[in-house]
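Below you'll find the structures, each written out as structure tokens.
There are two complexes below, and they share chain A, which is joined by chain B in the first and by chain C in the second.
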Partner chain A sequence: MSGAEALARLQAEFAAALVAEGDAGFASRLAGEPSLALRRLAIYRRAVEANRRGALRSAYPVVARLVGEAFFGEAARRFARDCPPDDADLNRFGGGFPAFLAAYPHASELPWLGDVARLEWAWHEALMAADSPGLDYAALARVGEAAQPRVRFRFHAAVRLVRSSWPVLAIWEANQPGRDGTPDREEGADDVLVWREDERVRAALLAPPEADFVARLMEGASLEEAAADGWDFSAALGHLAAGGMLAGFSAGTPAAS
Partner chain B sequence: MPARHPARAPDPGRAGIGLRTPHFEALAGRRPALSFLEVHSENYFADGGPALAWLERFRADYAVSLHGVGLSLGSTDPLDRGHLARLARLAARIEPALVSEHLCWSSVGGAHLGELLPLPYTQEALDHVCARVAEVQEYLGRRILVENVSAYVRFASSTIPEGEFVAEVARRTGCGVLLDLNNAWVNAANHGTDPRDLLRAIDPASVGEIHLAGHEVTPDGLVDTHGAPVSPEVWALFAEAVGSLGPVPTLVEWDTDIPPLDVLLAEAGRADAILARARVPGRAAA
Partner chain C sequence: MNPKRALIRSALAGVIAAGLGQLASAHDGEPAAGKEKCYGIAKAGQNDCGTATHACAGLAKKDNAPDEWKYVPKGTCAKLGGKLKPPGGK
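Showing the complex of A and B:
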């Protein structure tokens, strides 16, 4: 850092004055009438808060609808205070919001709220994930039948599996635009597969054995390791392939990364 | 790979608009005549997905301007090389006609405030921000435009008038100026100065783009919301500016309470009419 010490100090003080309530000391750094200068400083404070809230609101529209604007705004404010953005791109802000909501005392009557938020973040990340090359089926076909059980897959960067002990997909669907918020079912422990296909994000409910299988494959297990007790995985694998969720494979050796 | 359209250049005699998600379908369907489309670079940083696919489609029909809001040019934190790399990848992919950022800072100590915060106008800040602009231009391998920002506060330590500060950044680094006339008006109204001071200080040849936007009048002063029509005062300032600068690619920005596309196109049409009356001095296009 070359000779920008005074600037660095000013910026640190400015940032502190924006996030803390006690900003009176900063008035001496500002030109003009002090009380007006502090009211103008508050324009920035409100804007910082609104930008963070807005970023969370656009990633978590269902949570916002479920709890209402006032509740959401307060939760967003507290979350942003505890976990401020660590990237200039606010589209990446809010990955920790589901865990925050799951532990948020004021949301204890909505025990599934954190899981709904996890599903929304998975959706949000799927939107922003990099494109992946398609699976090389010709190469896969060349893997001998004997070696097939040892094949391990690499997934498209958009694929997420959200496992919940609540009917999160039903709740999420009921709170899409045009729906009245009443879930089709109140029972369920939803395992939701999220992926991107033809530039659209999609979500599907998986039966428990399929979810176990997909979870293990995503962790890097081979087909034979993932399919417990000789479970017939052909339909599940077909589902993944048809959705473009498989981006690559390795045969015989543990998948890299 | 499908054949790619060559990158398009903006028509300095027409206005462009900010490309915002609610207008994607309508714009793609109607393809109105526009000088260019401007996007917030960060919204297209993902290496895939629907937003980037839309932008790839639009670039076939329109010149594109990448307008960054997160590089934090004036911050004393180290320049974020990851952010810059993402911008470079996007630029390589989209081949934008213009790349711009703000003469401001938005992060310090690793904390990102997500807001365009003003710099003190000091020699130290000038040296610092010039070094950063030069670093960005070298990394991207191209000239960028830097925008004068709205500033609700001024610093007691400032010693250089804003216009001279902006002009000096352009002179020292060879960058262009993105002249935001709404910001100039907001600052002048809030701090009791003359918005023409900025116009007078800047080398006309350095102005590569003009921004027009709406603001809100509050009891504490004007707030640059980008959520309203361009004000009569800013239209007048625009007519005066292009009267002396000649036609410059001009953008109508609208970022909050986004109106139907027709409202935005009507604003752009109003800018077109003013640009059409601007005299064309003997100056190369930016």
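Showing the complex of A and C:
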């Protein structure tokens, strides 16, 4: 084994020992008194844990406020153990946390918690997403009348639609700084559109037909496929365009139908 | 022309007119006035190798071992408790 290979192996073993339960046998390979070595290793372990918890705390401030720091810290610890980050950029860590919370037995009395977390992750992703080009309106104007129903839009990378059976936007708003945590409404099935505009993340509550329309467009449906019969989607489409949420379009022939 | 196609034509015409107008006037007013919530939130960078958190986290005497009290949600969810309902009382 070359020196470089030996070093790479040692580093991999060290990394594994940082997230392992118990001694993991690594402390015996460290210099000095074994019990002291284990305590030194523990410093690194706790730093890794704290970094990961901190990343989740940063992405999920409303969840943290809802459940309290102790509960959040333990849920974060378990999530990081079960689903460790696969990217050194911890801004990308935590996409699976909503599903984890939804299935977390200790949160079973808070059935809306996973959906609140989904909204927070959408918000986080909207903030972090790359910029997308604006819609080429002149090109759109050149699309012939016969091809217009086949227009499919590409969305800005920051656009997310969160559909919930709970009043998630009301809960989210009630837990922003300066609010006391009491939502304005207790009922709702919130469909929330999240996007970034002028360097700020924005959210709007959509009525059901608009949410269905936007969801279908985001799935790649053409205008003709996305539009429900008898519902005027002009305002909904105008909102998407004015918010910079449409980044491009195609007007090609649809797949064999 | 069927009604849906007429609607598509007029909706696209509206989007195009507004879009070209927006480019011409360079700045548009408040978009979709009053409809959306808007928040500017600054976030600190996070990475898995630095000491993003202060060193005390690593120097804590005890590991963050689970305790029963860590499984009980506190915080502001008491304010919502069982009051929240999905529509239809599901």
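Annotations for the structure displayed:
The rule is short, and it goes like this: the second predicted complex is superposed on the first by the 239 of 257 C-alpha atoms of A that agree within 3 Å, B and C clash if a C-alpha of one lies under 4 Å from a C-alpha of the other, contacts with A are read in each partner's own complex, and residues count from 1 in each chain.
Everything below uses one rule, namely that a residue touches a chain if its C-beta (ideal position, glycine included) is under 8 Å from a C-beta of that chain, and two chains touch if they have at least 3 such contacts.
Keep in mind it's a predicted model, so treat the numbers as computed, not measured.
In the superposition on chain A, contact of A:127 is made with both chain B and chain C. Using the contact criterion defined above for the overlaid structures, shared-chain residue A:91 touches chain B and also reaches chain C.
By the touch criterion defined above, A:32 reaches chain B but does not reach chain C. In the superposition on chain A, contact of A:232 is made with chain C only, not with chain B.
Once the two complexes are overlaid on the shared chain, A:199 sits against chain B and chain C alike. Using the contact criterion defined above for the overlaid structures, shared-chain residue A:8 touches chain B, although it does not reach chain C.
Contacts of A:175 after superposition: chain C is touched, whereas chain B is not reached. Of the two partners chain B and chain C, more chain A residues are in touch with C.
Where the contact sets of chain A with chain B and with chain C meet, they give residues 42-44, 47-48, 51-52, 55, 85, 87-91, 93, 127, 199-200.
On chain C, the positions that touch chain A within their shared complex are 3-5, 7-12, 14-16, 18-20, 22-23, 28, 31-32, 35-41, 43-53, 55, 57-60, 63-64, 66, 69-77, 79-80, 82-87, 90.
Residue ranges of chain A in contact with chain B, taken from their complex: 1-4, 6-8, 10-12, 14-15, 18, 28-32, 36-37, 39-44, 47-48, 51-52, 55, 84-91, 93, 127-132, 157-158, 196, 199-200. Those residues of chain B that touch chain A in the shared complex are 42-43, 45-51, 53, 70-72, 75-76, 80, 83, 86, 105-115, 117, 119-120, 122, 124-125, 127-128, 131, 152-158, 190-191, 218, 220-221, 223. Within the complex formed with chain C, the chain A residues making contact are 42-52, 54-55, 58, 64-71, 73-74, 77, 85, 87-91, 93, 106-107, 109-110, 112-113, 123-124, 127, 135, 137-138, 140-141, 143, 145, 148-149, 151, 165-167, 169, 171, 173-176, 180-183, 186-189, 197, 199-204, 223-224, 227, 229-230, 232-234, 237-239, 241-243.
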